[in-house]
Amino acid sequence: MSETVVNLWSIPLLVVIPILTAIVLNLLYNRVRAIRVASVVSAAALLVVSIVSPYGLQWFTGQPGVASDGSYTYSTSIFSWKLSLEYYFGPLQQILIFTSSLLLLFVVVISTRSLKKDFGPYVAIMFLTYFSTVAVIMVNDFYHLWIVVEIGSLLVAGLVAASGAGSAQKAALKYTFFSALSGSGLAIALALILGITGYANISDAISFLMMTDLGNMYNVLYISFAFLMLSWIYAGGLAPIHPLKSDVYRSAFPHATVLLQAQSKVMLVAIGLVLLRMFGGLPFAREAMLSISLLTMILGVVMALIQTDFRWILAYLIVSHSGLVTVGISLGTPLGIVGGLFQAVNDIVYMSVLLLCCEMLLYFNNGTSIRSSGGIAKKVPWLAAFAILGAFAASGIPPFNGFQSELILIQAALGGGLPEVAAVILMVSVSTFIALFRGIYSIFLKPSTNPLPEGSESASSPPRGMPIILGILVAITLILGVYPQLALDFLTESAVKVVYVPWVP
Amino acid sequence: MIEVSLQLLTFLAASLLIIIGIAGMLFLDNLIKKLISFTLLSDGVNLALVSLGYVPGGIVPILEPGASISDFPKEAALIFGPGIVLTNIVIGVSTTAILAALIIMLYKRYGTLKASKVLKGEME
Amino acid sequence: MIDTFMTVAYLMVVAVTIGSVAALLQKDLLRAAFISGAESIALAFLFHALLAPDLGLTQAVVGTVLMPGIIILAILKTRRDEESD
Amino acid sequence: MGSIDCLYDRIKRYLSGFFIGKGLTDALTGYSSGELQIAVFLMVLAALFRVLMVPLGIMLLLGVAVLLYNFAPIIRVVDRENSNDLNRVLFWVVVYLSIIVAVTLWG
């Protein structure tokens, strides 16, 4: 009875700071300098909090713990970790939140430099998107999971529509219509799980499923699995939704897409781990997840091969590499999960490099189409160098981080007795190389065919500090490629816990 | 007269609402009609969730002064469903607002509410 | 007394179903919005009958005022009739 | 004349029919590699059924090879089915969901 329940101080900070910043930025509507200072300070504070925070839990409400014979108990030893609504901050959460905080800082710096007016609400939406990213990886109950996924999809629509083009508004409308469907499905899944197990907490629900024989109720569990899977597909943009999701990626500003892709990959990891912990024992559950991942990888990379615009190529490649993340998770072995999580971290970083290079093309080039450009390498050599390095990392060439995670994924697929999956992963990485270098060759390396008149594009000067930001990101890809153990130390424990003790967050 | 339980009937109504909502979102061509279909869909989900928690012959889950605490868990309706529904209503309103804003913007740009013209798939 | 309550509840179930179909069949969008609001009143009563009076109140306010209000605003900003071609 | 050459010739002839003129080099590379990619992926997918039963995998592999030979440029179909039309996406989602529910409930 002497055991006390201690909440972690950093989790409320990580959740509340972005929301408060968003409110303040909304109020500051158009004061450029104030918005710039407030947003950069806030993003830096979030980065520091994510680095220095210890690991722990945050509870919102209490409930009696359930003992192994089904009776209720209020004993503190169970009470201390079985609480209904909770957030958990652990090593996996730390590395993903650190990566998104870094990206948020960079994106805020870029967007406050490059946009000219009315960007208070826009930056506020960015902070809220970051909030949904951070919250979805920390939640350990279905209720918050549902709310965060809903908020996240509405924010995606807002961030995309803010770019102002007609196609962007169309993409946002389609995405929101679909969010209505999948959100309803997620609500029904939540209600079914609550009805079966009686717990909103994921840990409680899993231990209930392990202790109880459901009998006829298994069918209800399958239905809730299908609806949760629908929201997983939707939040991460997997196979049937990928046309809508790639629409979203390519019609937002590229710097906004950096946050969007980070959000969708973190959601893939979070909901995927919940699916694996909760339903991993069901027959055909992992096979369904695996088949969708394979389909996503191939469809994404094939669609990327036949595009003729660098933005569209990147959009489909992001979709395809989401499939790489989920292949690892749905393999279900510790090695596979480590590979999937590591791939998520790497993917967020190297796709950001490529997207920021794409953003720079809007300043230095006449659009991002393959056909109407050429000769950027002569004009801006550093940009070409960064784009090529990013493409190397994305296609899994040795000294970079993409190689390490794909190696782990291939090993896991071979170890799981599925060499075909390993072959598909190899195909995807080779085709990524082809697709990216089709774009990079014609935009950067090919001699310019129709030289632009000098000074026609200098209406808005590119944000300063861009080479530094790109340099830091490329350095991260190199460091993670040479010393993968730096990231793997964070991920291994979480992966092992998911497989062997799934009820522990 | 055959006694049909209220719970079964509301389940039926909820599933009809959900089917009508999804069919409306799929087959109706007008964007505002699609929006109304979405509100019907979310109404149907809400009704299904509320009727999940219904206990036949039960009482409202509010512990009134003087009521017996030992009978309360047996008689009171479940509160899980309604707890979700309250959030779902709020989410439904915000989604409706965002959809309406996007529809207004698209109407200003394209001058039509026909989904087959506005949301047409574009091939590069 | 219970019987009248239940009879009204059954009537409301029918009203919800018919109202939802009727709202989608209207040519006039403004009328469709109003009918969907009326359908929400029936829904609020059903919530009440299903032992969730707090939700009934919320649904009555949100479903009959806020949601149709947003939809009517959207209709006034765009157009009232459904294009036929 | 092996069948491989025939397949390649057919694909190339068919695809170059779509791109006469300026975009020939750029798009043709992408389209032909995408076509090969899809073909290989379908074969791998058919081979994956050996997990259930080895003869089934072999039969499916042969069947897919024959089908691919008959309907050679399938990249156009893939391209068309991946359009971002809302109703088309919703249709595929409904198909997906019913497959998942059917397989998990039956299995």
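Letters A, B, C and D mark the chains in the order given here, with residues in each chain numbered from 1 onward.
By our rule, a contact is a pair of C-beta atoms (placed from the backbone, for glycine too) under 8 Å apart; a residue touches a chain by one contact, two chains touch by 3 or more.
Worth saying up front: this structure is predicted, and the values here are computed from it rather than measured.
K.L.:
Pick the pair with more C-beta contacts: A-B or A-D?
P.N.:
Taking the two pairs in turn, the one with more contacts turns out to be A-D.
K.L.:
Averaging only over C-alpha atoms, locate the centres of chain A and chain D and give their separation in whole Å.
P.N.:
Taking the average C-alpha coordinate of chain A and of chain D, the gap between them is 29 Å.
K.L.:
How many angstrom lie between the centres of chain A and chain C, each centre taken as the mean Cα position?
P.N.:
Distance between chain centres, rounded to whole Å: 38 Å.
K.L.:
Once you find the CA centre of chain B and the CA centre of chain C, what distance in Å lies between them?
P.N.:
Going by mean C-alpha positions, chain B sits 11 Å from chain C.
K.L.:
Can you list the chain B residues in contact with two or more other chains?
P.N.:
Expected reply: 25, 81, 103, 119, 121-122.
K.L.:
Quick check: what residues of chain D touch more than one other chain, meaning two or more?
P.N.:
Counting only residues that touch two or more other chains, chain D contributes 79, 83-86, 88, 90.
K.L.:
Mind pulling the chain A residues that touch 2 or more other chains?
P.N.:
174, 177, 181, 243, 307-308
K.L.:
Please list, in label order, each pair of chains that touches.
P.N.:
Chain pairs that touch: A-B, A-D, B-C, B-D.
K.L.:
Mind pulling up the chain A residues that touch chain D in the complex?
P.N.:
Chain A residues touching chain D: 171, 174, 177-178, 181, 219, 222-223, 225-226, 229-230, 233, 239-244, 246-247, 282-285, 288, 292, 294, 298-299, 301-303, 305-308, 370-371, 418, 420-421, 423-424, 427, 431, 434-435, 438, 442.
K.L.:
Quick one: in the complex, what on chain D touches chain A?
P.N.:
22-23, 26-27, 29-31, 33-34, 37-38, 40-41, 44-45, 47-48, 51, 75, 78-79, 82-86, 88-90, 92-93, 95-97, 100-101, 103-105, 107
K.L.:
Which residues of chain B touch chain D in their complex?
P.N.:
25-26, 115, 119-123
K.L.:
Please name which positions on chain C make contact with chain B in the complex.
P.N.:
On the chain C side, the touching residues are 6, 9-10, 13, 16-17, 20-21, 23-24, 29, 32-33, 36, 39-40, 43, 46-47, 49-55, 58-59, 62-63, 66-67, 70-71, 73-75, 77-79, 82-83.
K.L.:
Which residues of chain B touch chain A in their complex?
P.N.:
Contact set of chain B toward chain A: 18, 22, 25, 31, 34, 38, 41-42, 45, 48-49, 52, 80-81, 83-84, 87-88, 91, 94-95, 98-99, 102-103, 105-106, 109-110, 118-119, 121-122, 124.
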